[in-house]
Each structure stands twice: as structure tokens, then as C-alpha cells.
């Protein structure tokens, strides 16, 4: 995949037509190809690769089944986001990635189906300039906490971002009893308000939203939210008081994960997840491993 | 598989002999081959493909192990149904599909074993003209609810069809203590009465029956019944009152799933399940994906 | 494998040297090769194939990990049993099968390691003429019941053989606190006494023993004992009274499983388990399936 | 792998350059190549093979995900230890193994990232001359016990090493609320003090450390600590008093595992784990198995 990205940098025009048909129109309309654009488009190709990997990883790790969707903010246009056409995340490929504006309208729909809940994404990007990636999932073990009065709280260092609290979005308060789907801007806005400035909100009887500064962090947060939920249920089963990760510990953990050095924080586990989800060794770019792992 | 179906349309007679030996006799007896019949038989071939896929999916997704059976109403004869010979569902192929009448009698048994509980199917098809597919399974996590006084209720949007309630069939009330198997019309009729107009009934100490308008919907309902059971046990573990999917939310969810546009509702996840269970990429017929997923 | 068995019948002498080195000596010593013997040896080869399959299935289904052992009574000598040399069950092949007498002594040990707990098998065969297969496992979910005062009882039709009750063997009552291993005849005899005439006994803090008339039934009982344990814990989690499979229901279920017609009872699921555990399609000997299952 | 080790013995100089770049300098500095050294280096190669296998096994068995690290004491220098560069354990290969001193300093870092929590290892090796292998993991099911007042106690014979008790390390008592990572000698020393002379200590909200006389024993202890945690939660769910493995039973179990005969104790299961984790049959060195297992 890295090779493909590098090739994209070298032979931009031809590959763009093949790999990015849905995006090329708007990209060209906004930014005529000059040297700056070539840089931007290299970034775009890498971003799309990461988004495809995120889809596959979330499926392989059990956060999504056939439903759920993950998006990234367009690296070249802060008022657009990129997301797959309406597919099961485990089946998403590069050519499925589409561009949307903040009204949830696809820039170049053609004959493609789109997710009816895309307003989750558009409204969160509007409300949260710090956010560059958004996931909506039916992550299984968040459901019990979404329908219970027992709050989801972190007991695991890797889930410290859940401190100090995780809000629950209740559609009945927004639109009465009926469909739980976030199918318009009004519902999306209400969800974004429940989320506030936090990384995760639960959606009652439905799932969650997870946001972050990068798609890698969103994937890691989604996976460890699910892990923490499972372990918290087990801890509650044991009975008696529990020690939670507190706000300071949560902040310290996030600090470690923000370090971008190779081999640290999210990077170490992202490489593993990509290799497994994409069924290919992407080349060890850390240490001197011979990359003979085959699993 | 789609290719096979298309080919079946083109070169009907030869393939029918190879692929549908058990069905050809009765089909020909009932409907001499004219243009209408060819259409019917194309439908029949597609229906059998879906039924085989349903068997494999239910196994792969953990709803059935070596036991359990799924049937569809004959697309050309409302008083017949199609179901495999007595095999573990994960081993069922096209040639194993047999035709049965509503007394549970096979039309062309030859030397094949048949499921002793086929009366579950015949009696439900008789009682429920709206039903075109029936599953009996030992779906593991429905067992605890079948032997407990705690009712199975939906807490998950995808299981909204379980609202407002799920009945439990008790064989002891029908035939006293003894075999739990539904091995005759009397027992099958009693089960159909417990089911009433609902999509799912539990069978105490045994499993469940799941019905629906299509085999795709039955498969999805069976899978999400199992998922909901697991999550509900976890929610009950947390303690305190729970918010259930109510009847209006259940209806709204079913409405979304009834939409037949590509990429929506059941269709999106069915494609994924088929690909995984049949070990082949059936070709992306949604979006512009290059279909390079291999998992 | 079936092919191998058939070949064994045809070209007995050469293959016996290759496939059954450990057994050939004693077999020849006891029964000089005449027509009757050839029949017996065909039976022996099939029995060994089943025993190897049982080892692999029990591993694949999660009943054993690297520990545990399964044996069969020698089909030609009621006072001997067959069991693997000391290997992880998932690694057992035909050549590893050894013959033991009822003192737990190997007939032809050579340089092979043997299980230190073989006295579980020898003492049960002595005490139970009805038993033709014995398993000792660390089946994970039986452990909680082995250390608790909550009895293991069946809530699942497939586990009806657990009715009316499952005893727990306590080594401390036999030999005081110390090793929990059944490493001599005295301990084996005490375990056999706890088992009595039942199909399953738990061993406190250690695992269980499962016995039956055939190795297929023992494998099925072991798997459904584990399944039932998992589901019973979930049912107890729900709270309130439970309805258990009663003795009459248990007997009726066993009756169904005793039927030897193809496609019924244990046979249907055994074929599936063998295919999966041996990584090969053994050929569909039921129905008209084309056997294109690849999983 | 065994073949590679043997080859290492034969053609030492060339292979050392290829396979052990990080180690060669210090090894040569300490021990000029004479006959004794060749023996030592053969030992070193085998030790590294075992360490790589341990990394892969711990990942495959679910003890570590992308985080966690396992080390061994240098077989030729008691004041050094060997551990991978900063990689997900499932991706570690021979060339990634580095050498560290007891200040946690790499002997030959070059451009490689290193684990920030290496002080866990250096301080335990300093404090425990009996220990030759150390693991730090986020073993999932130990987390609930680390945040609860319910102690982790053994209920499973294979986890008898947990008797009589398992301490919990609380970072807040050492360094106040903040990062939970053991990133310096002070924190590592405090953890080693909590561990004392035991084989396992939990780390609150974080994971555990597991130590032992060999890396094989550490791997087995880590796996059965996780298994025991899962089963203990289930046993507690059943309610009522439990019978734990007592100190004498624990000692007896360890005695059995210390026996080094082929086919006994840890050796039997280690072979299985290696085969599965390394994706290769290492050759049956026990019994007369034909080694046709492929799983």
C-alpha cells in the first residue's frame, strides 16, 4: 500500500483517474494541479489508504459487523469529509470512498448508495474543528451500558480517554419514540451536542460515536472502548467497589499516545492491525525485523 | 454463484438435471416447461442458492452447530417447502435440497435421510401465509431465556423485531415430560400456535424458531436474536432498570429493513455474510469497490 | 481416511507395519492372522481412525488444550485399551496410538512417554463393562462447577445425559491435600467409584471424566457438557428459578441419539466435526451433497 | 527453526552477522570465540528462538495484543537481558532481539525504538536471581481483579502457582496519580518489591508481570493466569463459597511441571503452542507421530 502511495506521488494524473474517480472532480475544481496540489494529493491518497484500512480493521476487530461507518475530514478541504458508499465496512475498497459536504450531500454520487446516517459525521465535523475522524458503530458491548443506568467508566489504562465520563444519547428526547437512526441534520446536531467535547458518546439501544484527531486514534479508541466495556462488566460481576482510571491518569495516557515516534503509542499497534486486516505485510518500518511473520 | 444462476436461465434443461435432481420430477410434473415455467425455474434456482447460503451462514455465524434446519416456501407452489436432507447445515449443498408437502412428506425421498422435526416447518407454513422462510435452531444464548422466567426482550435496534414480546414453547404442556423433539403434526401445530403472529418463539431447553417474509430476513433475525440474548445477559449483570426497544421503535426498525434498495437494511449485511460463508467474493454489486477483499 | 481403512482391509500386512507399529506385536501375539483376525483388524484400524479423529475434534472444539486424553476399549480384547502416547491431543496421529492393560501398563512402550494419569482409564474400564471410551479433560467451564456448591444440571436437550445429577470427585477425601493427578490405581479406583454408573463426573479444580458406549458419543457428551456449563452460568446470571431437563427428557434424548440411522443423532454432527478437525472432506455418505463445502 | 539453530552451530561467523547484529558486538566483546563460546552461542541462538516463539505464542493465545513485552536473562551474562525492539509481540522476529543492561540501557541501539517500560525487566532481574524470564502484559481478564477488592486466587490445577496469593501493584502509592507506565528504575523497583518472591503480580488498571525460571514456564503461567481469571469470574457468578487450590496443591502442581522428561508438564503443551504460533510443524520429537497435523 505504501508503494501505491509513493507511485501516486510520481505518476499523479493517470493513477488519480483509476483510483480516485469519485474525488477527482471536486479536487480538480477546488485546486488546480500545481506543486502544492501534488503534495495535497499525495496526502489524500495516503488518507484514503488509512480510511480503507480503518474500515477493514474495525470489522476484523469486532467493532462493526455489516453496519457502521467511519469517515475522515478531507485533508485538503476542511468543510468536506470522506466516507465509503453504503457498504459493509469489511468490504470497502479505495474506489468506494466518496466525498461529502457538511449538509451530508455527496459531491459526485453517480449510481452509488450512501449511508442514511451520514449526518452523524457532517454535524460532528461542523461542531468539532479538532476532530479529523468520526466513527459510528454498533460495538456490541457498549449496548448494555447504553440501556443501563450504570455508567461506562474506564478501568483499563488503554481506555483512559473515557475519563471523566461517557454521555448517552437518547433519541426519544430528541424525536420521541420511533426510528433510532440519525437520518437528518437535526438528529445529527443533537447527537453532536450530547457528545460535546468528549471522544466517545453512547447511543441508547444503538451503538456509539467515537471521534479523534486522526483515524488511527479513532480506531484505537473504538477498539479499547469495546475491550473496556467487556472488562468492566466482568469487574462489576466480582462485586464491591472498583478503582477507575481517573482524569489525571487518563490525560497522562493520552499524552503517551500522542507521541508520534515510531514504535510508541498507537503506531505500534496500528501496524499490526493493518497487516492483519489487509492480509499483507506492509513492511516493517520499525526495528530490524525481517518481516517473516505470517499469520 | 450469481453466474451459475444466470447460466441456469440460459441452458435450463442440462443444468437442471445436474443441479436439481430432487426437484426436477415434481417441478416438471406440476408445471410443463413453457416461458412462464422458465421464469419460475430461474426463480427456483436463485431461491435454492439463497437457501444453501442461509445454511452455511447460520453455521458460520454460530446460530446452528451440527443441528438445526432452515427452509423456504416453494416459490412456485405455495403448499410446498424446500429444505435440505438430514445434514449438518454447514455441509449442505444444492443437490441436498428436497421438496416437502405440508404433511411433512418428501416428494421424492429416494435413499435420503430427512429431518425428524420437519413438522415445525410444515405446520408454520400452514398457519402463516405471510411466512416464506422458517428456521429451527439451537442458537446457544436463547437457551438461558428459554429455561428462565426472565423474558427475552430487545435492547438492540437490530433486534427490534423482538418487541413487544417473545413467547416460550413448553413441550410438557403439549405432550408431558419426554422427548422435546417436534416429530409430528400435533407438536408442530402446538408450536405454531405458541408462535402466533410473531417472528420468533423460544422452545424450552431446546432452541427457537424464527420466521419471516424472506430467508435473508430470517437469517438476520436469527443472528440478531442471538446477539441480543448475549447483550441482554450482560445488561442484566450490570443491575438496575433497563431501557428496552419499544414497539414503535421495533416497527420503525423493521420498516428500514423492509426497504429493498441496494446497500440498505438487510441487503448490506447479507452480501458480507454470503461472501464469508461461501468462501468466495460474489462480485460487488454495490458501489464501485474493486472487490479485492479477501478474508 | 475411509479410503485408508479400506486399503488396510485389502493389503493388510504391509500397511500394518507402517501404520500400527505399536499394536502389531500384541495383536499378532494374541490373534494369529486368520479370516476372523482380518475382520478384527479392519475393525481395529477403523477404531484407531476414530480415536485419532476424537483427539483432534476435542482439541478443535475447545474441550482439551494441550492436556487431556481420550481412549477406547480394544475392539478385539475387552481387557485392553488404546490411547495415544503422551502428546497434546491436537498433535496425535495414528502411529502414536499405544495399547495398555488394566494395570495401566503399556504393552510395547519402546522409547515413548505415556500419560501419568492413564489409571483414570484402566480403572473405569474395569468397573464399567458398558463403557467403550473414556475421556479425561480440563474442559474449561466445568471447573467453576467443580469448585462451587452449585450443581451442574442440564438445561439443554443435547446435554440431557447429565440428568439426574453429576458427581464431583474430591481428591482431598482420597489422598489428602497434594497432587490432584490420578497417577495410580488407588486414585483411579476412587474416581471410578465417584463416577458410578453415570456418563460424567467432575474432578474438583481439575476437569472431568466422560464415558460412553462409543468414542463418538463420548466426544459429543464432552462437547455438550461444556456447552451446557456455559449456558447454565448465563441462566443463573439471569436470576430466579430455572427449568432443568428432567430424567425422562434425558432418557428420551439419549434414545434419539442411540438411533444409528445415517443422518440421525450423533452421526450427523460427528461427520461435520471430523471434516473440520481433520482438514479434509471425508466424502458425503449421506444425502446427495456434492461435498463442495470448504471451510 | 531447530534446523536454523543447528546451522548456527556449524557456520557461526557468517550467520551471526546476519541473524544477531544487535548481539554480536557485546557477545564478542565479552567472550572471544573459542570452543566454549561456540557452545554458548549455540545456547544463545536457541534462547533467542525460544524468545521469538514466546512473543508469537503470547499474541496468538490472547495474553498480549499489540502491547506487552517478554524478555529472557542473557544465557551467557547474568547481568544482561534480551528483549525485542519496540514492536507488537506478534510481529517480533530474531533480528529484532536486542540486549539490555540492568540500567535498562540498550547495548547497541542504532536506530531502533525501545520499550519505555523496560525497567520492569531490569529491576526484576536485579531483585530475583532465580528468574530467567519476565513478561509484562495487558492480559485482559486480570484487569477486573486488578481494580477490585476480590483477590485473584487459583481454582484450576494448571494455575496452582498463584497460591497462596497474588499481590496488586498500585502506582498511586509510588508516584501519585498520573501515568501508569513503569518508565524508570524507581517505578520498576517498586513493582519488583510488590512482586516479592512470587511468580505473578497484577498492576492496577494496567496488566500484570509474570516471571519464572524459563521462558516456557513464564508463557504457560501467563496463559493459565488468564484462563484462571476467566473461570474464577464464572465461579463467583455461581455464588456461594468456592474451593481454591491450596498451597500444598500448588506446590505439587509446580513439582509436576518441573519434571523435564519429554511429554510431561510444560513441554507437552509448549510444542503445540510453538507449532501453532510459528505456523510450522517443528518435527515431532516425542512418540512416533507422523507429524501430519496441520492446523
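Which chain is which? They are A, B, C and D, in the order written, and residues in each are numbered from 1.
The working rule: a contact is a pair of C-beta atoms (placed from the backbone, for glycine too) under 8 Å apart; a residue touches a chain by one contact, two chains touch by 3 or more.
Not measured: the values here are computed from a predicted model.
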| item | value |
| --- | --- |
| Subunit D and subunit A - chains in contact with each | none |
| Proportion of interface numbers common to subunit B and subunit C (over half same, under half different) | different |
| Subunit B and subunit D, separation of their C-alpha mean positions in angstrom | 48 |
| Centroid distance [mean C-alpha coordinates] between subunit B and subunit A, Å | 34 |
| Overlap residues in subunit D, where contacts from two or more other chains coincide | 237 |
| Graph class of chain-chain contacts, one of line, ring, star, complete, other | ring |
| In the complex, subunit A residues that touch subunit D | 154-158, 227, 230-232, 234-235, 237-246, 248-249, 252-253, 255-256, 261-264, 268-273, 275, 284, 286-295 |
| Subunit D - residues contacting subunit A, complex | 21-22, 56, 60, 65-67, 84-88, 90-96, 110, 112-114, 116, 138, 140-141, 143-145, 147-150, 177-181, 204-207, 233, 236-237, 279 |
